[in-house]
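You will see chain A twice below: alongside chain B first, and alongside chain C after that.
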Partner chain A sequence: MQISVKSFTHPKGYVPLTFLIFLLILPLFLPTYFLHIAITMLFFAFVSEAWNIIGGYAGQLSLGNAAFFGLGAYGAVLLTHYYNIPPWIGGIVIGGAAAVVLSLITGLVCFRLRSHYFAISTLAIGEVMRLVFLNQRQITFGAEGITIPYKGNSILYLQFLSKAPYYYIALALMLLGMYITWKIGKSRLGHYLVAINQNQDAAEVVGVNSARAKQIALSVSAFLTAVGGTFYAQYIYFIDPDFVFGLGLSIEFALIAIVGGVGTVMGPVIGSFLLRPAMESTNALLGATYMGVHLIVYGGLLIAVVMFKPEGLVGWVGGLYERFLELLPRKEN
Partner chain B sequence: MLDATVLTQAIVSGILMGAIYSLVSLGLVIIFGVVRIVNFAHGEFLMIGMYATYFLWARAGIDPLIAVFITAPLLFLIGAGIYKSLLRRVAAAPDFSKIFLTVGISLVLQNIALLIFTANYWSVKTSYERMVLSLWGISISYPRLIGFLGAVILSFLISLLLLKTDLGKAMRAVAQNREVAMLMGINPDRVYVIAVGLGAAVAGMTGAIIMPYFYVFPLVGVNFVVTCFAVAITGGLGNIKGTLLCGPIFGIAESLGVLFIGADSGMIVAFLILILVLIFRPSGLLGEGRL
Partner chain C sequence: MLLEVQNLNKRFGGLQAVNNLVFGAEEGEIVGLIGPNGAGKTTVFNLITGVYIPDSGVIRFQGKNIVGLKPYQICMKGICRTFQIAQPFREMTALRNVMTGAFSRTADVEKAKRKAEEVLDFVGLGGKKDVLARELTAIDQRRLEVARALATNPHLLLLDETMAGLNPKECDEAVSLVNRIRNKGVTLIMVEHVVKVIMSLSKKILVLDYGTKIAEGKAEDIRSNENVIKAYLGEEYRRAIRQ
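For the complex of A and B:
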């Protein structure tokens, strides 16, 4: 990608730049509640981007990514709770390492399996982690969950009194996730993954080490998901096994990417930017009177996308975007 | 502390529960075997069967065991309707479309139930609910015993249907080779409708026979379906014998897990069995089948 002054005189250059600047100044005028929605949008775009590496590019439908998420979350909270270790180390380094180790075990067990078998065996691994953390009450506090020890405003402990710092961290995470996905997509590994996704046997015949490629993809995905878990714990201040290790969360990572468009850099972002506000607003408007109505909307959208736009909304949104760019002024060279 | 009676009691309870797992998984396996769709909404079929049983009892005083004859056709229609309106359209789509279509259906059904029936737990009362059978120091409650016998009988009848009747043979033919089945004059689309309907009907019947000793609530299906996926995969997806064998294995594993590890974590043992089986026999204990 070449960046020059000229590229900012073309809509293709200045529109994303304007949007990025808009995202950067958003916390200055957004009310707290909407800022919260914005944070969940950025955050879910990030964790769904992480899922997309293994689920989208490699086409291995992991339904156990919550296991990695939970390790990042519990690593951060428990190590701060017991040893005062900051979440940077406890969550991102140690929790992330634990997630990578679990991804190696998962790979060993599950990569020989295809399709449905893979999906359900990853689901089982997620469930085992959830049950272990539920069961080890003396350490994890079991089903009642655990609150983060309060440290006040502290970058070291990733705790902030206002929402704006969380917003910027979530934004940075999303951009990081997009960058890594983009980088992988362009790399040799990315091409291997796409080949495996299309036809694993054919890819192996031409010399792709499919087990290795899938393992790298899963480990990267696991590490990023654990980072997401750490962020979640620090932002919400409370975690419990049923949520952070839950099947619902694993499904949500995948669902966002699928609605947006699997195997694309923008898919998870589009999915999250459409679904999260839709879900939050139906919940806020109708959730009090009609319990669960936001999940009906969610499920309905998923059904509609899978049936009518199985490649996700990315193509459609991309088309609208192109048409929008056509309308903007440009300096031809 | 741990004597033979406690252990035997746990194993017996496990077998009683395991027969139910087998039956629910059987529905899952029929749908997968014929239509090649892993139905994530299967637990919701069970849930609908349980709610239907509850209302038949609460409003019309119908005993859950008689409700079987109503929930079966009801769920058959729901299953067939879902196939005709939704699943049929993704027949040629990649696996992830199929999986997530049923995930979407499951989310919608769960939350419609939440909307209509609230999150409360409901149960039925029967004349036999407090009766207990005691044998050699082991006690078995009547509802569980009846549920177990019902599951065994239904599993037997369904296996018979698949193996001996023309309809069952047509289903297996389509499962094994669609093109050849068509040449033999079988209409595969009709068979698909019947297979999904039948799979759902099995879940509906299970919902009725377990209602005397279970609570119904909108998410009741979730716990069941995860276990039944594990049962179906361990037995070999699409393999009827494997499924019937693995239900009790998982039931026993769960109750031993509850005994040795803790009440909320019994399933750890069951999932570890699944993972071990997949390491050594990637297509299940008895191999993947086509019914």
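For the complex of A and C:
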């Protein structure tokens, strides 16, 4: 993806710009329920973008990213609860640092293993964190979960009475995630991650310190995921270990990127923009019929994507987008 | 002495893959490593490049012991290798494959790209830089492998059967490439089965059999060495050179 805004008279310039403006004015007319869906779309695009750095570029299938997410969420809520520390510091700085420390431990343990074994070991890390937060009841309130102390409209405490500010934060996060991914993808680190993904032994022989490259990728992913956790806690006002440290969440991060297209900047965005509304609409339309029908339909959709577009939707959507651009008026300079 | 190997041993279970091996490579030399299948040639490469750790022995490069270093550290010291079966990054273009090697000397993407283009031209793949590695022919994949290794600016390059299965014309091209690499000041150690090629390229040839060095010397001496004929070249070869 080339972000060169060299000309607004060319569809390559004005179409993304129009889309961005559309995203910026969306909260002005979108009903609350739909605004909520839009927030989850942007938010999941962001955390999936974070997963994509380690899971997509480096090809290390992490099923433990919820561990980092939970640290960001609990860091924000617990530190506000006990010490009145704002989530900027409690969640992003302290929770983020905790996630980075955990990523270092995870790397030390899990990078000794490859492919499936790596995936299983990260899954264990996530589960261990879930159990720790479930059982340290005196501090974390265990399975009851914890609600963030109410502070009213406050930028300092990241609490807002309307949904629009959350929407803009989620949009900014998604753009930040895309920018970081794009930057990494173009850099030496990005090249190294792709090389490791394709042939680690060959990469080592031409000078790639694969342990270090994967560690950097995992730590960046962990930090961004923790930021996502903080945002989630501030938006939902309530967290519990089973959700924020849950395997379901870890799988969701991976699934969105895989359906969209791993190792690409746009993959997680496309995955999230398709899967989240699909999840919500099957839930809204079928949730009240028979129990689980919406999940069956959603599952069928996932199977269809994996069967027909195993490399993700990004290539296909990209092709459609290119053809759409062809139809638009342009002024060549 | 650029590379000095002393009393190198490696055992896999009951198999002594490398047995008390001693040899060296002088700056600017092309050393040939020959021997029957399973003689331990590739194991020697894996030991030098840190893929395996020797049971005992010393490997000195530019006077420093490199035993125990990781493969990427050994690459940074200036030793690079190719694999017997080409191991390209299959879903990357030829250019990006070679850039990965070039990145060992620079973090700058543009510089790495220029270096990679230069090396691709050098090995004769300049016209195919945007082709995915998996779409290249087997021979071009081997060229790519050499290019990726060269992009790391090695002092010592280990080539593992780069010429197996080439037709005579391709073989000549490969020989000329090896000579050009040597002329750039790179020292080479080559594992090769095409005896004629190795004899024409290398002043010093090492013959391994069951992990043990059974002969070392100039091509002429190797050719007439009884042990080598028995273990590797075969009686057919003796008859052929007599005619």
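One rule holds for everything that comes next: the second predicted complex is superposed on the first by the 327 of 333 C-alpha atoms of A that agree within 3 Å, B and C clash if a C-alpha of one lies under 4 Å from a C-alpha of the other, contacts with A are read in each partner's own complex, and residues count from 1 in each chain.
As a working rule, a residue touches a chain if its C-beta (ideal position, glycine included) is under 8 Å from a C-beta of that chain, and two chains touch if they have at least 3 such contacts.
Everything numeric in this text was worked out from a predicted model, so none of it was measured.
Taken together in the superposed arrangement on chain A, chain B and chain C fit without clashing.
The partner of chain A that touches more of its residues, comparing chain B with chain C, is B. Once the two complexes are laid over each other on the shared chain, residue contacts for A:116 go to chain B alone; chain C is not touched. Of the two partner chains, chain B is the only one that A:61 touches; chain C does not reach it. Shared-chain residue A:188: touches chain C; no touch with chain B.
Contact with chain B, but none with chain C, is seen for A:143 once the two complexes are overlaid on the shared chain.
Contact with chain C, but none with chain B, is seen for A:199 once the two complexes are overlaid on the shared chain. After overlaying the two complexes on the shared chain, residue contacts for A:209 are found with chain C alone; chain B is out of touch.
Contact with neither chain B nor chain C is seen for A:89 once the two complexes are overlaid on the shared chain.
Superposing the two structures on chain A brings chain B to within 13 Å of chain C, judged by their nearest Cα atoms.
Those residues of chain C that touch chain A in the shared complex are 49, 51, 70-72, 75-76, 80-81, 83, 87-92, 96, 99-101, 103-104, 107, 109, 112, 148-149, 151-152. By the touch rule above, chain A contacts chain C in their complex via residues 186-188, 191-192, 194-195, 198-199, 201-210.
By the touch rule above, chain B contacts chain A in their complex via residues 32, 38, 86, 89-90, 93-97, 99-101, 103-108, 110-112, 114-115, 118-119, 218, 222, 226, 229-230, 233, 237, 261-262, 264-265, 267-268, 271-272, 274-275, 278-279, 282-283. Of all the residues in chain A, the ones that touch chain B in their complex are 55, 59, 61, 108-110, 112-113, 115-117, 119-121, 123-125, 127-128, 131-132, 134-135, 142-143, 247, 251, 254-255, 258, 262, 290-293, 295-296, 298-303, 306-307, 310.
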